[in-house]
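Below you'll find the structure, written out as structure tokens, and then a few comments.
To keep things simple, chains are lettered A, B and C as they appear, and every chain counts its residues starting from 1.
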Amino acid sequence: MSFPLEDFRDARLVHAALEELNKVTTQPWVIMEICGGQTHAIMQYGLDQLLPPGLELVHGPGCPVCVTPLELVDKAIAIASRPEVIFCSFGDMLRVPGSNEDLFSVRAGGGSVRVVYSPLDAVKIAQENPEKQVVFFAIGFETTAPVNAASVLQANNLGLKNYSILVSQVCVPPAMQALLSSPDNRVQGFLAAGHVCSVMGYWEYLPLAAQYRIPIVVTGFEPLDLVRGITQCVKQLEKHTFTVENAYERAVTEKGNQSAQGMISQVYIPVDRNWRGIGMIPQSGWGLHPDFARFDAENRFDTSAIVAHESEVCIAGEILRGTKKPNQCPAFRVLCNPSKPLGAPMVSSEGACSAYYRYSSDAV
Amino acid sequence: MCLAIPGKITEIHTANGMRMAKVDFGGVLRETCLEALPEAKLGDYVIVHAGFALNTLSEKEALETLEIFREMDALADAESELNELSS
Amino acid sequence: MPNISDAPSFANAACPMPLPHGAQVVMGHGSGGRMTRDLIQQVFEPLFSNPPLDAGNDFAALPSLPGELILTTDSHVVSPLFFPGGDIGRLAVCGTVNDIAVSGARPDYLTAGFILEEGLPVETLIRVAESMKAACEEAGVLIVAGDTKVVEKGRCDGMYINTTGVGWKSASLSINGANAKPGDVILVTGTMADHGMAVISARGELAIESEIQSDVAPLNNLITELLKAVPEVHVLRDPTRGGLATTLNEIASQSNCEILLNEKAIPVAKPVRTCCEMLGFDPLYVANEGKLVIILPEEQSSAALAALHSHKYGRNSAVIGHITNFRKPRVLLKTLIGGTRILDMLSGEMLPRIC
């Protein structure tokens, strides 16, 4: 017996939900979905074409692959190129362009780069290869922070001296704040990332909703979840209310998973983080707690000589902030495509540019 | 950022000092870290991301959500039948 | 001055015979000499015997038949060598048989070239060869020429196999990717993505346990049954690397036509769908090794389905879409919920993602 997941993709129920959405939408609105996974789902199901005309969905910077700073990608490449290193990463990162090359080309050059499904598998690789240094590229939002932290805790328990992580952890609320406080912000409502909230809860969004007078709806990833989240957001906009609502109750509670949060605060401390395409956002990410500093790959390997060079053509920043759409970029399709990406949003399969390229209904 | 899918806990054990489970996703099984869910038990559904269970899934909430839409769908059907009759 | 009688004696010198390397493949097995012959006698001769092969020449002399000669080649580098539902040997034979069969030709003869990694257990080679023999018998083809080379440890993944195949086709039969016409329907002969996901689960790096089996199979008999029931088939292809979406893009390009698929109609087995969702893969881009894409006139589809359903490799055949009247080479998918999206070619390797 399986969880009734398929029902959340049922065409009839989705149509009933869309009819309701159409009924309640009386004027144009701009809503941002933060999470790249939601962008991907919207595109995959062609949901964007079924929304009421005038309702605009803007794709936010919720793609940890896209926002990992160029400098860190270059550091990853430098570390992975070392002969004593086995570099482990989620698959998404392998094609992200650094200043000169990507992790794929390190592998082609003879470096040991391995795709893993979980950082805990990287710990296992470290156990099995005691003569090598195993480094895991710990990217992610709050969803991935607990498992990345768990890998450090496990390596610590096992007394491993050959495991470390290259950290690129970022957090959603500071990014939302940066977006909302920008003078060219057009976003009027948010769909908050369902799985981020599964870990962290949604209490952090209450002050944001109040300060910026903006409705925020915690939303899931199935078509029915997405339509429901959008509908609840529109209902608030039409009524001029601005509260935080939970439309993903089956996986999210207000307080979130406190054990997971405990693991995060044991291993990590808040730090300033540089967001590729956006710039430095204070206290917007996590770095390793001093108790676990020895697991930091940036301490273990000297990467101080790295100087990053961004592509001059790529407008990833504007895409990530939602101020431009991928098809407004002069390089889109012409110079930049999934096989030869100029920037991260074209690489990540949930990056806005990649989603547009693959699924765009403009030409339909 | 959040590719996570639901699965059912079929086995719980400890490995390398961590609470682990064998989770069945529907014909596919995988070792999953259960360290953040000390209360989760055999037969529970969990939402799993990168080999880590983020939370238990409430079947009750899921069914309630689906019920809202089933009612909406039934209402829409009834309305259109009514429209057909009166036209 | 040294006395010649003090010189060491070489009488009764005994040079130790080389130890028999029956257990593992070594460099000498690829040298073309006695050891190569020993390997062939130990592994291949007991399994493959036919007049051209037994003649022992560096060539196979074959009779020519009326019609068009169809020729194809493929190299197989799959890792691991053995996966649920098949192995590299079966894959090699079926892949080449199918490439010939989709032209409408009857596959007759194959060659098999092996590149073996030093240290490969001979037992493994025998298992692969046995599997090739079984696949050849099922398909009704003969392996009439072969070659064996050995490379140093680390220079290949255990074993690579190249197969070339020939068959004969009636000149009047025209089945190829440029023949799709507006109004035609598109069928597939069963569930998608089985092979690719079986290999990925077998690789072990993703630590997934599943019941997924590769669908690797020779489809020439299925095609024969289909053509008996429906003489006017426009396009036949097996959606291997890159999956269904890539194959249909190729056909759309060759035929300069627009394809519209119905997502709901595309069969995907539950564990395969689950595995794809875990890793963020799209089943429409995952390889198949025992399935066909068939494009034919709409009025023939019932007869085609009847013929396919009565064959063991076509039980789950279904109509999944049609060729529209719009002359633009692309593939569209009507999604489960009624939206429409473009299905592009696969770019680069599909990688498991977290986002």
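The rule is simple: contacts are C-beta pairs under 8 Å (C-beta built on N, C-alpha and C of every residue); 3 or more make two chains touch, one makes a residue touch a chain.
Computed from a predicted model, the values in this text were never measured in an experiment.
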Quiz item: Whose C-alpha centre lies nearest the centre of all protein C-alpha atoms?
Solution: A
Quiz prompt | Pair joined by the larger number of C-beta contacts - A-C, B-C | solution = A-C
Quiz item: Centre to centre, by mean C-alpha position, how many angstrom separate chain A and chain B?
Solution: 22
Quiz item: Could you state the distance in Å from the CA-based centre of chain B to that of chain C?
Solution: 38
Exercise. Specify, in ascending order, the residues of chain C that touch 2 or more different other chains.
Key: 207-208, 278, 280, 353-355
Self-check item: Shared-contact residues (touching 2 or more other chains) in chain A
Solution: 15, 36-37, 63-64, 90, 117-118, 121, 140, 144, 350
Quiz item: Which parts of chain B, given as residue numbers and ranges, touch two or more other chains?
Solution: 1-3, 5, 26, 49-51
Quiz item: How about chain C: which of its residues touch chain B in the complex?
Solution: 201, 207-212, 269-272, 274-275, 277-278, 280, 353-355
Self-check item: Partner chain C, residues of chain A touching it in the complex
Solution: 9, 11, 14-15, 36-37, 40, 43-50, 63-65, 90-92, 94-95, 114-118, 121, 140, 144, 223, 337-339, 348-350, 357-361, 363-364
Quiz item: Can you list the residues on chain A that touch chain B in the complex?
Solution: 1-5, 7-8, 12-13, 15-17, 19-20, 35-37, 62-64, 90, 117-121, 123, 140-141, 143-144, 146-147, 150, 153-154, 157-158, 193-196, 198-199, 221, 224, 228, 249-252, 257, 259-260, 263, 350
Quiz prompt | chain A contact footprint on chain C (complex, rising order) | solution = 205-208, 264, 278-280, 330, 332, 335-342, 344, 347-348, 351-355
Quiz prompt | chain B - residues contacting chain C, complex | solution = 1-3, 5, 25-31, 49-51
